[in-house]
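In the two assemblies presented below, subunit A is common to both, partnered first by subunit B and then by subunit C.
Let's look at the complex of A and B:
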């Protein structure tokens, strides 16, 4: 059995009586871009810090390349971190900051300079080598922090919300810098963030955490389309979550009774624990709902009334209600809804393909 | 009603008066140190280096200056080391009774000097080092350490906690982190603390008078000359002490305030 490059096995972390991380289990493959996402206090940063050796797990085992890491001190590990605050040394200039890791490993001075300059060039900041840190812009500091972490050519790079202090347009540019860098270097990136757009834009796989528990691990697409729990469904994207009961079940699909009437859903891989009569929660992504002025006689069609809209750039979020005041959220491009000539209170039809209906496997009480 | 302009002028005059009040005695002392008359009275006699010559040729003054410098250098070094360690403990660790620990560390300057001096005299005689130069060094270290700690602590408080973790993360051991991150970051405050504790030691009279014995420091010698007779020599020594102390304090201030720490946000 070959295990991943990094393995978390039943790892927990407690601070006094407070539990930061419940037993978590997951693996990270070599060369993977993994994002750990969750709201603040969910344990994502603690998880990352345990990997860096800045926190010691209360129980369980962390392995890197099959070697137990728990007892290894932070400075004995090859897991450099890019900090949210960047944590650049203010009393050192740019190149001295980058050289730090090499100097600590006893690399000879001229070699330090040579390798650091190479990384400054790669990050396109070699002209600032002798500047002091406070003379740099936010984006330039970001690049210094990256160069400083990567100069020792580690197998794994850890990133703790590194883009959270940047302007939005700079964030998008740094995202492409990071993904390109990760592809070129072929090393593992473990990226902690609270931002769904950052995680989904960059990561191969995303770990979603809540209150010290892993809610779901999967590709951004899997998580977006097929959330594993109600928490994930509410946390990612804009989803309609509809409760109901299974009325009929066959090999490929099921028919459910819900507040919106009868909804047909395809059965997707991995979800075969259903029984007729059982409770289900169906997830319909807001951008998968089709709207039409006339009845189309498609499956899963309901009549709804236009209540409100929220305009954010090219995408519009529309709020509808059916006759029983059940809310349906729909996301469309502005140009798509123009022909519908929506006015408040007008009635139109909505339908969605059974293939786009997912159900949450376990019904979480919370 | 007073208009803005007159308020500004009143405040300026007030400020000037405060400065006159503070500096007049010192200026007087400096002026009389160059005055040829035996007694400090107006009108002034003529300009002379006479008193400085006398001080320069007096071996007892030179002994006192040497003692003061040795004590000031040693005590400032020890006080700064102790102050740094206390400040770093405060920065790095959380423990029970930490507030009590800090209060205790800051205690010495709050005790009346004369009481501290008496206590030290009693204690040093018990130890059998009273009258030795060591006694004065220890006493001034105790007096200076809280100042050093307060200054260095102020600087460490401005340090991003991640900086230390970042150094570990980049492969620096705890000692290497101390050497390459903590001390460089705190360096301006360390220099500042050295200068200030040196100034404190150089100036201090009460404890020195009690414990110095034959190793008299400058303030003690000044008092002894003054007790004997009115001698303008003390103006000369006083001016020298004033110049030294002010230089140290100004250096301390420069390091404390012009090197603003850069925090990265």
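Let's look at the complex of A and C:
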């Protein structure tokens, strides 16, 4: 299988007067697992469908391995898509579904069967070859859809929220199936989702879209720790976003006045546009906040009051307030907070390292 | 014991609501049907029907060559109408289902219902005016130096009449079945390498199979039992089975023999309908 390198150059899409995708520019590297993430209506599915030829870009150019794709009809492209609904043909049985793409390419019948069986075996569903689709479970259907898309050995596989209809435990299983498959095949996967956990768990890089605009492209870690805009900071995970003014600025760090008092932040690469007195928005990931019962006299320490918690298994999300009712969110392992013996209304101390404070670039920078 | 259990298991509430339909069907469908079958064994003496149980009507009808000719003709004409109606309807339905907006489709279906507002007999007579020896069509092509073409009193005219009766219904049924196909399936076909024609053959037709077959079935049933078109447009020569029934009742009050023909038609349609539904809903 060849790898697929994809380039979007100034691609836009309008439906009538409604703009679905503003000019977007990005490259998907060959053999990369790329997730496009955003809430519904952000243009992520339209972007994927333009790649598959199911929508025509209003302007701009899409290239696959250097070849302009715009004029190619959907059925002339090698960009199989796995639908959210899977779109398996109910009037065909499992193996006939998988054979479909080969048959359309004029592959000989015995060869169709041979190659389809190979893929059914690979997806561990060969025993269902002659079953009808409605006799399969959700996870098995997922595997049929993947086999059907991959049987033609395409350079790229497109996935449109394929796991959103599955039970949570099955989602985790299919995630590992997908990542393993992608590593083994070495082809490009473009995965559209609204789920941060899916995107972060599988993707090499994540594209965050909002209202037809790309807000940020980066590795899951970059996006999580260093969001490029307030939108990203609010969209991904649990971040504390704190507005303030720069009080002092030196080579490596800055001191800001905020609602939580004075916060010291390290200056990270690429953020050199700050001036003393300028407005900033600081981002502190909820899991980067340390809690202690006694004052530790560390930098960035504040006293807070425990007001609520959300228990989600091993991780707990804790909500605190300072004396001025400013909210601070903290995420901790359940076993980490047990020694703190938190009770509602109790007062404890929170602090965070300046190295974990990030600064959202100013809006006009994007 | 079993009977009393059965009585107790009856849901009185549901039964109350079903009862009117059951009574209606028994009174106006099942009872006449049983009477018709019974009548096929009666005798006619001195132009009067006499209750009996004789096979003589059945043997008389089945031994007549003209009955089998009419039977074959009726089957053939109905099959032809079914085929032409399905073929003509398909592109129209495809267009209505996939090329029009939801609103336009709703209007189109409304317009397709309008023909049913007027009597089918009236619509047949308008064809009579058009297709007559000195009718509108022959008049027009006469000016061009062609014709006159004999259209009336041919099987062509009969088929036109059948299509007048059935085409709107077939289009409606086909359109509704195609419009309800999951659009993702069609996109998936394109995505997997099927061009427009192959998507129609390998996805749209199989996915709309039930509607296409039910549409064809309705066309067959209506055409097979229709008497107006073969009588007024086809000239009733050679006669189809419905015309044969009328002829039989007129000649010597042979109601029992007409009942034989009607029963044969009933059984034929039942077999056709059952096999059509079986094919339509075939589990794979």
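In this section, the second predicted complex is superposed on the first by the 358 of 366 C-alpha atoms of A that agree within 3 Å, B and C clash if a C-alpha of one lies under 4 Å from a C-alpha of the other, contacts with A are read in each partner's own complex, and residues count from 1 in each chain.
By our rule, contacts are C-beta pairs under 8 Å (C-beta built on N, C-alpha and C of every residue); 3 or more make two chains touch, one makes a residue touch a chain.
All values reported here derive from a predicted model rather than from experimental measurement.
Annotation: superposed three-chain arrangement on subunit A; subunit B versus subunit C shows a clash. Of the two partner chains placed by superposition, subunit B and subunit C are both touched by A:74. Of the two partner chains placed by the overlay, subunit B and subunit C both lie in contact with A:83. By the touch criterion defined above, A:100 reaches both subunit B and subunit C. In the superposition on chain A, A:276 makes contact with neither subunit B nor subunit C. In the superposed pair of complexes, A:141 makes contact with subunit B only, with no contact to subunit C.
Applying the stated contact rule after C-alpha superposition, one finds that A:165 touches subunit B and leaves subunit C untouched.
Of the two partner chains placed by superposition, A:308 touches none, neither subunit B nor subunit C. Comparing subunit B with subunit C, more residues of subunit A are touched by B.
Within subunit A, the residues touched by subunit B in the first complex and by subunit C in the second are 52-54, 73-75, 79-81, 83, 85, 87, 89-92, 100-101, 103-105, 132, 148-149, 152. Contact residues on subunit A toward subunit B in their complex (touch as defined above): 52-54, 73-77, 79-81, 83-92, 100-101, 103-105, 132-134, 141, 148-149, 152, 165. Across the complex, subunit A is touched by residues 160, 162-163, 165-174, 176, 180-181, 184-185, 187, 261-265 of subunit B.
Interface residues of subunit A facing subunit C in the complex, by the touch rule stated above, are 52-54, 73-75, 79-81, 83, 85, 87, 89-93, 100-101, 103-105, 132, 148-149, 152.
Touching subunit A in their complex are the following residues of subunit C: 182, 184-185, 187-195, 198-199, 202-203, 206-207, 209, 283-284.
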